[in-house]
Each structure stands twice: as structure tokens, then as C-alpha cells.
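Each chain gets a letter, A, B, C and D, in the order it is written, and its residues are counted from 1.
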Amino acid sequence: MNKLTRDQMAERVARDIPEGSYVNLGIGLPTKVANYLPKDREIFLHSENGLLGMGPAPAPGEEDPELINAGKEPVTLLDGGCFFHHGDSFAMMRGGHLDICVLGAFQVSKKGDLANWHTGAPDAIPAVGGAMDLAIGAKKVFVMMDHLTKSGECKIVERCGYPVTGIDCVDRIYTDLAVIDVTPDGLVVLEMVEGLDFDELQRLTPVPLTLAA
Amino acid sequence: MIDKTVASLEEAVAGIFDGATVMIGGFGTAGQPAELIDALIAQGAKDLTIVNNNAGNGEIGLAALLKARRVKKIICSFPRQADSHVFDALYRAGEIQLELVPQGNLAARIQAAGAGLGAIFTPTGYGTLLAEGKETREIDGKHYVLEYPIKADFALIKALQGDRWGNLVYRKTARNFGPIMAAAAATTIAQVSEIVPLGALDPEVIVTPGIFVQRVVAVSGAASARVA
Amino acid sequence: MNKLTRDQMAERVARDIPEGSYVNLGIGLPTKVANYLPKDREIFLHSENGLLGMGPAPAPGEEDPELINAGKEPVTLLDGGCFFHHGDSFAMMRGGHLDICVLGAFQVSKKGDLANWHTGAPDAIPAVGGAMDLAIGAKKVFVMMDHLTKSGECKIVERCGYPVTGIDCVDRIYTDLAVIDVTPDGLVVLEMVEGLDFDELQRLTPVPLTLAA
Amino acid sequence: MIDKTVASLEEAVAGIFDGATVMIGGFGTAGQPAELIDALIAQGAKDLTIVNNNAGNGEIGLAALLKARRVKKIICSFPRQADSHVFDALYRAGEIQLELVPQGNLAARIQAAGAGLGAIFTPTGYGTLLAEGKETREIDGKHYVLEYPIKADFALIKALQGDRWGNLVYRKTARNFGPIMAAAAATTIAQVSEIVPLGALDPEVIVTPGIFVQRVVAVSGAASARVA
């Protein structure tokens, strides 16, 4: 089968973001989605550190250490963008004003619990940032992750083994193998990569899947 | 291209349904979106719950909406004023419900709705008639009342300038409830004196980011400063 | 005895407002205090409807309907003043950022309960505005009122007969007869008008007073 | 005449006492008041509780304060970063306490302190390790955690311009926690790139009103934009 590359995953997610959406792209893999947003759609990117209308990375030499994104990388601001303080920024998230947020994950449970902030290892230094706010705040939470860990375990699980970031919060999962909706009736497969059939996907995934009608 | 500006006041208030909760900006007439209210009266929605600091002045604006018998209930802090006779008469006749809220709790409850909080413990009103029957708690030696968010289906507000993304700036004390109501309503409709091109508003001085605004309509600039 | 006029009361209160204070003057009688603030002191006047650094009334013809105070009267803004929304304005009050607020009152109890918003009459239309926020928010709450009602009853009482605005919130009472501190040990008289002696003040006041040392 | 400007960084941080809770603005280095932190290190206060989004980067600013062993406890959302080795080592050695707070709850708790709320029900963190042992409540079908305000004795923040009344404006994403920390601390100390005459800041665009600021100190303009 043709597993999606990380860029292909980002491109796939980007396709599902409608014009006019207010979107937060999490640190890491989700950041790549910005590269694939169709140029003919106006989409509003939010960054937790107080900007809306975030533009692409600046040209080399044009970086401004006071114009950064949540990953602390230099960015730009589009015409029509604006700045605000952290209280307002997280009110946007917590208050349900973002249409979509895209997050990376260690695991997603069949009920839509998300684990993406902490491995739970006893010697790990925990850091949560805005992950828990994003998980519960946006109207739709999209997760992007590999379907399997490097050692071959499925990241879609019955119950999260890692400490959760939010309960019952994921709406859709984009993996390198499939696009899967989390619904009240369970996980519904919308798409699979070329060369993958449903039985094989189900074999790899330890929770019941159904195929979208 | 996203363009939240609409061409007419009629279009601006389209879809406001019977029974809706509608926040209306303004402190007295400063910041009151008089033209949007007139359009709402013409539009005809009824059984409305209105959230405003006051309950109308004279016979215009909010008072005219009340007079047209479109309002089932009003949530406000200061209904009784020298010129609130329309409200006064309806209230005495038992034809309008009043939920009286201390002004700062009104603001805080509107903010809580916009910020997604489930409830807040506020010190205002503790031990008074307006906290009767409400849950209270002592925290660090001080007494608080539990208050819940006030959300709205629509907010009608007035700003000075807006752009096609819905960004807004206000003028002087006409700002008042506009920014916090914009964040608390599912659909926020702003009347502005001027629609400016995208990028014309300094990103450092935008008061209401467009994420909180769904429709922007221009009214004549002169109207902005008049005593509505 | 020489009862103070309303202007004399305002002048007396103004004397107790130190330079640099953030002050909210309630609607009605307290508004007059602004007229007597010493010109050589910088004092910051706050108005609940979203301004700080409020200046005097504008010259005739210069009124701006969008630059008003809590009483909806036209005002001006000093250099260094600013505008903000209602959320921020009441955060200033509730958060204890105002040094002093000056309020009118129907009654003050010996414990410092304040009644100033509602007569409790069955046919009265209640209106509270920002009174309850001011009563509990400012670091010091000063009350200005006549000592006696027109029918001769003292407005300083054992327990408020009117619905209260706030509990245990008044710090100092300025009447047309005296200046009285509300302390944990009871009401302490700081000043009396010329021609009034303590026994006479006590006779007029139905709760125990002590004279400041 | 009220003049909140002070002539030196030393004067700016005077009086910060051992055991104080000190909020420090900034998201990473953007908005971090590096010069004030250096002055605090020189001043010598110890056993501090620090409130910041992060736990220091590299060896400068907040990291240097940690390295100087002045910090007993840090309240933050994201301590672990590529260059947070100073914190990491202290934490692993058990020499610093960490209260980890989701970033939005950190912001909301700071705001609650500034706004005089006793507590807030927030949805963030419900059902997670970071809500363990905390009171929860279901409100309108949604689950919330009760969180308390975070107040501070001092806040050290960085702004672009300030005036003698303490009014502040910020620059781009260096605004972040500055305005909400200013409101939550008993004494707020702002370093600015430029002190401007009273009236030079447009009253419509002042972000932090002077009521929230007690001291303002100018640092060289160049420092404002450098990667501190």
C-alpha cells in the first residue's frame, strides 16, 4: 500500500479546511498544513501567543523576534491580521470561536479521547502548553498522526495508555493510512490509501471500524 | 474571498428568529446601534430576550423595540431612567420580564460566555436581594456568588470602522459593551460608520478581532456621533 | 450648629483624596466632589462606562454624545486618559484597583452595610447599575449623605431597613454633621461641624459612637 | 505630579522581597523583560515563586534567575523546551517545585486575579492528570474544573512605550501575558523601549491603562527587539 508521507498527510488535511475557517495548527506536524492551504481560499490562522491572520515564514533576514508563532518560529502577519493578549487568545480557543484545530497525537481512543502531551514516563518533565485548551475548545478537532508507532502498535486505541489531553474531543483522525471520523456510533472510515483494503485496516486497528456509507 | 460586509441593514438583521436572545450594545445611547434596532423592528422578530445595560430611552432605539412589543424579557442592570417610560409602563403592566443584574456581573457573565467558562464566583451582589437563592462560597475569607454565563444568538453592536474580515475599532465611550458582546454571541452584527480596506486598521489597535464578528454594515458616518 | 451644604460636603470629601488616587465618584452628590479636587493634585477619575482620566464637563457646544460619564452627562478626557470596554472597566472595580469610591446612600449600618440602590417599595422599578460593584470593589468606600432624612430619621442605623447594596463595605461616612469611620470597634467620629458637640451627635444617631482619640 | 517612571533598573526592582510571587511576562523570549530579570538577579531576592509561561531558555533571563537559585517554585505551562536545561537540571535534582498549568488556565487564572473573581469553572484539563483532586462540575451538559486565581506581589513585564501615568502599548506578539499580568500583581514594573510624554499615546489604543502599572523604566530601544 501507499502510505502517505507527512507532506501528503498535510495536504490531505488542508483539503478539508473550508474558506473562511478560523484554524489553529498545533506545533509539529500540523504546522505543515499551512503549506498546503489552497491559495484561493482565505483561511484565518490563529496562534495561541496572540495573533490571528498569521502569514507564512518571513524571507531570510526579515525575521522579527517579536513576531513568532506558538512554536516560537518567526512568522508574518497578513493584512487584516491583529494582535491581542493571552487572555483574549485563549478565550478564542476555550470559547469555541475556532472552527478547526489540528493536533498531533500519541494516541486517540475510539471515543475520541486524545493523548498528546505527556508520555507518562516517570522521569519525563511534563509540559502542556496550550494543548489541553485546543483539545476542548475548537468546534472541530482534527488529529494528524501515523497510524502505527515505529514498533508497529496502533495509535488508535480502546483506551489511551498515555495521560489524556482531553476527553471525548477528537472529531476526525488523519493517519498515513486512512481518514477516520469519531462518531457517537464509533469510528467510521472515510478514506483509505491506495492499495489498502478495509479488512487490512481493521486488522491493524484494535478497535471496531465501520466503512462510511 | 471572505467578505463579511453586507449591503443593507435588512440583510444585516436577516435570520433573527422569534424567541432569540439578542445582545444590544450601548450604555444609554452611546454605542447603541440605533439603525440595526430600527432594522430589527422592521424585520419583525418577536418574543426576544434582550441583553443591554439599560431598558431604552425615550421612544427610539431599544425603547421603540419594546414599544413594538417584540421583547419578552430584558436582562439589564439599570432599567429605570428619567426617560425609560416605555419600559416602565410595560413592566408595571406585567408585560415584560426583567432580570436585573449588577452591571459588573452583567459584564463578567457576558465575558464568561465569550471565554467558554462554565460559571464564575463573583463578589458583587453577595448578601443582597440580587443574590437570593444563588449558590455562594467563602474563598480566602471573602464571600462570592456563583454566576453563570450569558450567551446570545445575536449581538447588535456599533463600532466606528470595520473591514471585510470583521475587525472593528470603536470611538470613545461608545466602546462599552461592544467588544464583550461580540465574543458572546453566535452571530455578531456590527454597524460601523465606515468600512475600510483590509489592512487599513493597524493590527496593534484592532479592538475586536474579526473572529468575533459575522456581519458588518455601514451606516452614514453622521449617524455615528449623533444623539441617537 | 452649622450643617454643611452639599458643596461643603463635597469639598470636605475632596480634601481626603490623596494625589495619585484612582477614584470613582458615584452618580448624584458624589459627582460634585470633582469640582473641589485640588488643582495641584493629579487624581485619576474612573467612570464605569469605560474611561480613566476623566476631565471636567466640556465647554458648551463641545459636548460629544460618545464621551459621557456613568450619569450619561458629557465629559472630557485628560491627556493620559484612555478608553476600554465594560469587561475591563468592571475588572478595575471588582479587582480592587480603585483606591477610593464615593457613593451616596439611603442608609449605612454600624457594621458598614450600605443601602443605596432600592427603596424596597413594592411598586418601585429596581435599577442597580454599577452600585454593587463599586460597593465591594474599591479599596476604600466613602459614603456622602445627609445625617438625617427630611423627616428627621438618622441614616446611620443599627441594621439597614432598605435592601442592601453591599455588606460590610463602607469605610467612612461624610454627613452634613460629621465625618465618621466604620471600624471593627464600631463607629468612630473624626470630625463634627462647628457648634455640634459629641453628645448631641450621639443623641441624633441611634447607634453607639466613640470620639477619635 | 504623578510620575511612575523610575531612573534605573535598580530602582525599578527595589523592594522585591524574599518569598515574593513574581509574574514575568513573555512567551519564550518575546516579551520577556530580560533587563528587569537581570536587575532582579543583581537585587538578590530569593525563595521566589515565579509565574511565567515557560521555565527559561538558554542561560539568560529567566534561566539565569533559576541558575542563580533564587526560585523556589515555578508556575508555568511549558517548562520543557529544547533549551530549558537549567530548569531541567534543577527539576530533576528536586531543587525546584513545578506547578504545571494548561496555558489557557494560566491565562484565565491570572485574569481572574486581576478581575477580582473568587474562582472559575473552566473546561480545560477536565479528566486529565492536571485536574486530579480538583473540584469538578457538570454545567449544561459540559464538564468543568474549578480553578482559583493566581495573584502576584510583583509583575515584571516588557512593553514598547509607556508614559508617566503608567499607560502602556506593546509590540506584536511580545504583548502576550503583559496586560493580564499587569492587572494581577500588586506592583507592576514595566520596562519600555521609550517613555513618551503624557498624551502622546492615543487614548483609543492604550492597551494597559496606567491604573495597573506602578513603575516604568526605559531600557535602550535596541534591546526591545533583540533576541534576548
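Heads up, the rule we're going with is that a residue touches a chain if its C-beta (ideal position, glycine included) is under 8 Å from a C-beta of that chain, and two chains touch if they have at least 3 such contacts.
A quick note: this is a predicted structure, and the numbers were derived from the prediction, not measured.
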item	value
C-D or B-C - the one linked by more C-beta pairs in contact	B-C
Rounded Å distance between chain B and chain D, as computed from the means of their C-alpha atoms	33
Separation of mean Cα positions, chain D and chain A [Å, integer]	29
Distance between the centres, which are taken as Cα means, of chain D and chain C, whole angstrom	35
Contacts with two or more other chains, residues of chain A listed in rising order	77, 83-84, 87, 90, 93-94, 137
In chain D, residues with contacts to at least two other chains	108, 111, 115-117, 122-123, 170-172, 204
Those chain pairs that satisfy the touch definition	A-B, A-D, B-C, B-D, C-D
Touching residues on chain C, where the partner in the complex is chain D	19-20, 22, 42, 44, 46, 52-53, 77, 79-84, 87-88, 90-98, 137
Of all residues in chain C, those that touch chain B in their complex	47-51, 64-68, 72, 77, 83-87, 89-90, 93-94, 113, 118, 123, 125-133, 136-137, 163-167
In the complex with chain A, residue positions of chain B that touch it	1-2, 111, 113-117, 163-165, 167, 183, 198-199, 201, 203-204, 206, 209-212
Residue ranges of chain B in contact with chain C within the complex	27-31, 53, 77-81, 87-88, 91-92, 98, 100-108, 110-111, 122-130, 143, 170-180, 207, 224-228
Interfacial residue positions of chain D with respect to chain B in the complex	108, 112, 115-123, 137, 139-140, 142, 144, 148, 169-172, 202, 204-205
